[in-house]
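Note that subunit A is present in both complexes that follow, paired respectively with subunit B and with subunit C.
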Partner chain A sequence: MACQGLQKGETLASLKRECDNLKKKLEEERGKLNDVELHQVAEKTEVLGALSVKTRRVLKGHGNKVLCMDWCKDRRRLVSSSQDGKVIVWDAFTLNKEHGITLPCTWVMACAYAPSGCAVACGGLDNKCSVVPLSLDKTENLAAKKKSVAMHTNYVSGCTFTNSDMQLLTCSGDGTCALWDVESGQLLQSFHGHTADVLSLDLAPSETGNTFVSGGCDKKANVWDMRSGQNIQSFESHESDINCVKYYPSGDAFASASDDATCRFYDLRADREVAVYQKDSIIFGASTVDFSLSGRLLFAGYNDYTINAWDVLKGTRVSVLFGHENRISRVRVSPDGTALCSASWDNTLRIWA
Partner chain B sequence: MQNLLCTNPSFSPVLIHNFSLLSFIYSVALPRMSSKAHSSNNIAHARRTVQQLRIEASIERIKVSKASADLMNYCSEHARNDPLLMGIPASDNPFKDKKPCTIL
Partner chain C sequence: MTINTLAKGGWYREQMTCFRKMEKVIVAMQDPDMGMKMRNQRLLITVIPHAMTGRDVIDWLIQKYNICEEEALHVGGMLVRYGYIYPLKEPRSLVLRADETPYRFQTPYFWTSTRWPASELDYAIYLAKKNIRKQGELMEYEKERYSLLHKRINHTWDFVVMQAREQLRASKQRRKADRIVLECQEQAYWLINRPPVRSLTLHYSAVLYHTVLSCIESCRRALGRNRVKSSICLEGFVKFSEQYQNHDPIMQGCLPSNPWISDDTNTHRLERWSFSFMELLNDPIGRREFMTYLEKEFSAENLCFWQACEDIRHGESSKIIQKVEDVYKNFLAPGAARWVNIDSKTMDKTLEGIKHPHRFVMDDAQLHIYFLMKKDSYPRYLKSDLYKNMLAKAIVPQETKKSVFPFMRRQRHSSPSPAQAVTQVTEEDGRAMGAGKAGTNSLPPSPLSLLVTIVTIQGVLSVYSFISD
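Here is the complex of A and B:
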C-alpha cells in the first residue's frame, strides 16, 4: 500500500515538520548552555612558548605515498602503509625495517597495530580489512598468513583494534562503520547513520566506556555506542568533508580536521563545538589531527605540506613544522608522548621530538 | 487518488473513509510518487530521522563554562607529564641525539 506505515494523522509532511522542530529545539538547547567561549575561560592560562620540536628521524623506504601509520604500544615500533600496496613495520629508534608485507591491492588507506604488538591490520581499495600476524621469523612470507576480517562494499578508510586483538572496528566509503570479531570474521555490530563516505574513526580512551567517534564526507561527526549500534550524538559544523577525528585524552571531547581548512574541537558533555582552529593564511585542507599527552597541544597535518601545532585551550597557533615535501596524510603522537610521527605523500615518514 | 486505490489489492472497503482522507492529504501535500517503494522509503527515513533527533534532543548537557573548566583542569594536571609540551632532556628522549657512546 502506498500509505502503508503511516499512523493516524501522520504524513510525510508532518514528519518533516517534526524533524525541523526537533532540529530547532536541539539548537536552542545547545545555545542555552553556551555561556562563555573556551578561549575566554582559558585567558588566565599561561601562554605557551614556541615548541622546540625538530625532525629527528626520516623513515625512507616506501616507494609511493604513505597514507597511514600507527604506533605500537611499545612506543618504538610503528606500522605504515602506502599507495603501492606495501605495509612496513619499522623500529623508529634504529630505522630498521622489521617486516614488509605486500598486499595485492593499491591504496592501503588504513593500518593499525594490535594492542599486543603481535599483529597489524590493514585495508583499503580491496574493500577489506585484513589482519596479519607478525612473525619473529624474518624469512617467513607474512602476506601468506593474512586473514580477511572485515568486508565492506566500498573502500576501507580507517581501522582500529578495540581494547584487545580480538575485535576490529572499521569505517568505509560505503558510509558505514562496523565491529568485527577477528577470529571468525563475524560482523558483531554495524553502525548506520552517515549519508556519505566515512573517512575516519577513533575509539574513546578505555576509561570512558564503549563509544567511538566517526567523521565523513557528509560533514558530520557522529558518536556511537559500540554495544547497541546507536548514534548517540551528532555534530555538523564543518563546511566540508571531515578527514580525521580524534578523542581528547580525557574522553570528554574530540577534535576534527576538515577540507574546509579548519580543525574544530567539540565537547561531548556540552554537546557543542567549543573551538575552531583556523587562520586566514591557512587555505589548504587539514587531513589529520592528534593531541599531545596532556591534551594542551593539537597537531594538525595539512595539504600545504605543513604541520601546525595549536594551543587547544587558547585557540592560537603555537608552531609550524616544516620538512615534508608533499601533503601530510597522518600525524600520530607516540603512546608515551615523547614524539610525533608524520606520514606524507612525499613517500617518507618523519619523527619529530 | 483513484490510482492509489486501484493498485492496492488488499484494500478494505471498510476503511474507505480514512484512506480517502489520508490519500487526499498525501496527494495534496506531496508531489505524486511514482512508486510505492519510493514513498514508503521516504516515510521510513523520515521516521528514523525524527527518532534520532528525539534521542539527540533529550540528552543531558552541561554549560560550556563547566566543560571548559574541566578541560583546562585536565590539561594542567597532565602538563608536566607531556614531553612534547614541556620538552624533556635529550638523555630521557630516545629520539634526541645523545653523546656518542662507544661500543664495547
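Here is the complex of A and C:
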C-alpha cells in the first residue's frame, strides 16, 4: 500500500509540471491570434451618452431578501424567489401578484419561468429543483402540485429551462451541472469539471442551441456540450469566485461577474478574454450581469447596492443606477429589451426603463 | 441518483462512509467485554497505559470477523493508514506489524473525520510548538512548510506563536505520562494529515491525481482548437451592435415598436426578419408569413417537417415514438404525401436511427432541411413581393417621427396570463404599457392625467434629449 502511494507521488509531481507547461503553451497559442484589442476596434463607434433610465416600478411583497428572478416570454410577467421560501409570480405592469408558492425550505436561490409560461422552476437549499405548474384557480394550492425534478447533493444555485418545458438545466454547490427530463425526473446528462461550487449557468442562444456556459467558485467559466456532457472550452482569468455568467445576444461570447469586482467579456471563437470592466472606485464584488438587446450595454449588479451600465465595446462605464438599499442579487433585461429588472436583498424588485 | 463522487465534495462524502465504518470497528475493539486486552507499555522510561501489540490487533480481527491472517493484516493496515491506531515506537512508519510492536488507539478528538479538513492554522500552531519546545526538532520537510506558512499566514503569526506558547504552558501542568500520550496523539494526527511529500496518503493523491489528469486532458483538447483572429471576432461584435442598435429600447431612451402597445407589425420588426433566418423563424408572425410564401412555391413541406422535428425535440417523452412514426410516414417514407428532399447519406442514417427512436433522432435531417431553407427559400422570400408589400404597408414606429410627445400613453390593461390558455402569446389582445410614475401600486390613471404627468416630468426631459441629439 505504501509503495503504491510513493509511485503515485512521483508521477504526480511530473504530471503537475506537464500540466503547468500545457497551460503556458495554451496561453501562448491564444495570444498568437490576438492582433487587436476590443476598444481599438470600437474606436470608430460613437460614444454613448448617459442613459435616461429610471425606476418605473417597485415590486414590494417579499418578506426577505429576493435572491433570483426571471422574465416570462410574454415580456411582462416575472417570477421571483426569496430567502423566506416564497416564490411569487408578478404581472410587472399592473404590479399584481398572480401566484404565490410557499416552499418548505428557505433560501430559494434559483427560479426560472418555463418557455410556455405555464410553469415555474425553483430550488435552493433543499438540494432540489422543483417544477410547479401555474394555475389560475385561486383556490388551488400550487405548492401541492410541485414536482421534484432535480436532485443534487448540495444546494441548487441556478436553473433554467432549455428550449421547452420538458427539460431543465441546473447547477449546484456540489460542483456539477445537470440536465433533467421534467416529466420523469430522469437525469439525462451530467457535467463534471468544476472543482468547487457552480454558481451560475446560461444557455446559448445559438441556432442549434446545444451549449451552455457555467461559472463557479473555482474561478473558472466552462462551456459545455449538452448532448455529450463534454467541457468544450474553459476560461480562467478571474481572481475570485464567478457569481454570474451570461451569453452575448449573438452567442459568440459571454460575460461574467465576479467577487473580484470586475466583469469580463470572453470571445468564444478567439478563445480568450477580450475585455475587463473595472474601475478603482468599484470595490465590491459583482453578483450579476445581463446584456441589453443589442449587446452594446452590459448591466452589472454589485454588492455595494448599485447597478453599473458598461459600454461593452469601449469598456467604459456609461451610467450608474442607484435606488436599491441592499445588494443586488440579479439583473435581467426583459425578452424584448424594453426594461431591466433588478432583484435585491432589500426585499424589493425594481423595473427600470 | 448520485452524481460524480470524485469531485471534491462528493469524494469527501464517499470517504465519510468509510470513516464511519472504520470507527465502528475501532469502537468494537475497545469494548470492555468483547474488545481487546490492553496492557501497559514501556516507552523509554515512561509507562504508557492502554496500549496493545500488533499481534493483538491481528488476532482480534481474525477472531471477530472470521477472516484469515492476510486479510486481517490488510484491514488493520488501513486502520493505521487512516490514523485510528498509531505506532508508539516508530511513529513515522504507518504500518501494522504482526508482532510485539506497541500501538495505541487515537483519541476521537484527533480522528480525521472529526477534524476535517485539517486547518493551516492548527498545523502552524503544531509546528510552532515543536519548534519552541526543542530547537532542531523539526524535520526538513516540516521546516520548509513552517517557513511557507510563515509567509502565507503572516498576518496571524502573532496569534500562532501565542497559541503555541499557551498550549505548551498548559501541557507542562499535566502529568508526564499524559503529556507524552497527548504529544504522540497529536504527532500521529499530523503525520496522517500532513504527510511528508514523498509518501502522499490516499486522500490527497487520489483527488489531486484525478484533477491534474483531467486538467491535462482539457489543456490538450484546448490546444487542438481552431481559433479565429481577434480582429475578425471583434469586428463581429461591432457589427452586431450597430445592426441592433435601433432596436434596443433601453439605449434609445424611448420605446419603439413596443409589443406592450400594439401588436401591429412595423418596419422594425420586419427588418429583423432580414437579419437572420433564425429571427424570421422565432417570430410567430414571421414564421406564418414564410409558410404562406412556401405554399406558393410548393415547398411548404420543408417548414412543416422542420416544425414537426422541433415538436419531437421539445415535446413530451411519452409521445416521441408516435411522433417519429408520423414524421416518417408523412415526410420520409418513399411515396410519402409530403416527401422532403434529403441527401441519401443523411436519409440512411436517419432511417437507421428511427429503428430506435429517441428525442434527437431527427436532428441530422432537420438540420439539412434547415440549411436548405436558409440557403434557398429564405433569400428568395426576402426578395419576394410578399415581403416587400408587407414592408411598404407596415407602420413606422413612432420614435422615428421625433414628435414633441414621443409616445402616447395608453391605459393599462391586464393581459391574459399564458397559464390561462395555451394560445400564441403575440395574439393576445392585451394593450398595456408602462407609465412614468416610479413605483406605484395604484389604479391605472386616466389617460388625461397621464398626459399631464408626462408633460410635466417626462415630456420636458424627452424634449430636451431630442434637442440635444
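Note that in this section the second predicted complex is superposed on the first by the 335 of 353 C-alpha atoms of A that agree within 3 Å, B and C clash if a C-alpha of one lies under 4 Å from a C-alpha of the other, contacts with A are read in each partner's own complex, and residues count from 1 in each chain.
Heads up, the rule we're going with is that a contact is a pair of C-beta atoms (placed from the backbone, for glycine too) under 8 Å apart; a residue touches a chain by one contact, two chains touch by 3 or more.
Quick caveat: nothing in here was measured; it's all calculated off a predicted structure.
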item: Superposition on subunit A - do subunit B and subunit C clash or fit; value: clash
item: Touching partner for A:56 - first (subunit B), second (subunit C), both, neither; value: both
item: Touched partner set for A:279, first subunit B, second subunit C, both or neither; value: neither
item: Touched partner set for A:312, first subunit B, second subunit C, both or neither; value: both
item: First (subunit B), second (subunit C), both or neither touched by A:164; value: second
item: First, second, both or neither for A:117, with subunit B first and subunit C second; value: second
item: Partner chain(s) touched by A:93 [first = subunit B, second = subunit C, both, neither]; value: both
item: Dominant toucher of subunit A (residue count), subunit B or subunit C; value: C
item: On subunit A, the residue positions that both subunit B and subunit C contact, one per complex; value: 1-2, 5-6, 8, 12, 15-16, 18-19, 22-23, 25-26, 29-30, 33-38, 41-42, 45, 48, 51-53, 56-57, 76, 93, 193, 231, 233-234, 248-250, 252-253, 267, 269-272, 274, 292-297, 312-313, 333, 336-340, 351, 353
item: In the complex, subunit A residues that touch subunit C; value: 1-2, 5-6, 8-9, 12, 15-16, 18-19, 22-23, 25-26, 29-30, 33-38, 41-42, 44-45, 48, 51-58, 60, 72-77, 91, 93-96, 98, 116-118, 134-136, 151-154, 162-167, 173-176, 178, 181, 183-184, 187, 190, 192-196, 207-208, 227, 231, 233-234, 248-250, 252-253, 267, 269-272, 274, 292-297, 312-313, 333, 336-340, 350-351, 353
item: Complex contact set, residues of subunit C against subunit A; value: 1-4, 7-10, 13, 77-78, 81, 94-95, 197-202, 205, 208-209, 211-216, 218-220, 222-223, 225, 227-238, 240-245, 247-251, 253, 255, 258-260, 278, 313-318, 360, 367, 370, 412, 414-415, 417-420, 422, 425, 428, 430, 432-441, 444, 461, 465
item: Footprint of subunit A on subunit B - complex, ascending; value: 4, 7-8, 10-11, 18-19, 22-23, 25-26, 29-30, 33, 36, 39-40, 42-44, 46-47, 49-50, 52-57, 59, 61-72, 74-79, 81-85, 87-88, 92-97
item: Residues of subunit A touching subunit B in the complex; value: 1-6, 8, 11-13, 15-16, 18-19, 22-23, 25-26, 29-30, 33-38, 41-42, 45, 48, 51-53, 56-57, 76, 92-93, 193, 230-234, 248-250, 252-253, 267, 269-272, 274, 292-297, 312-313, 333, 336-340, 351, 353
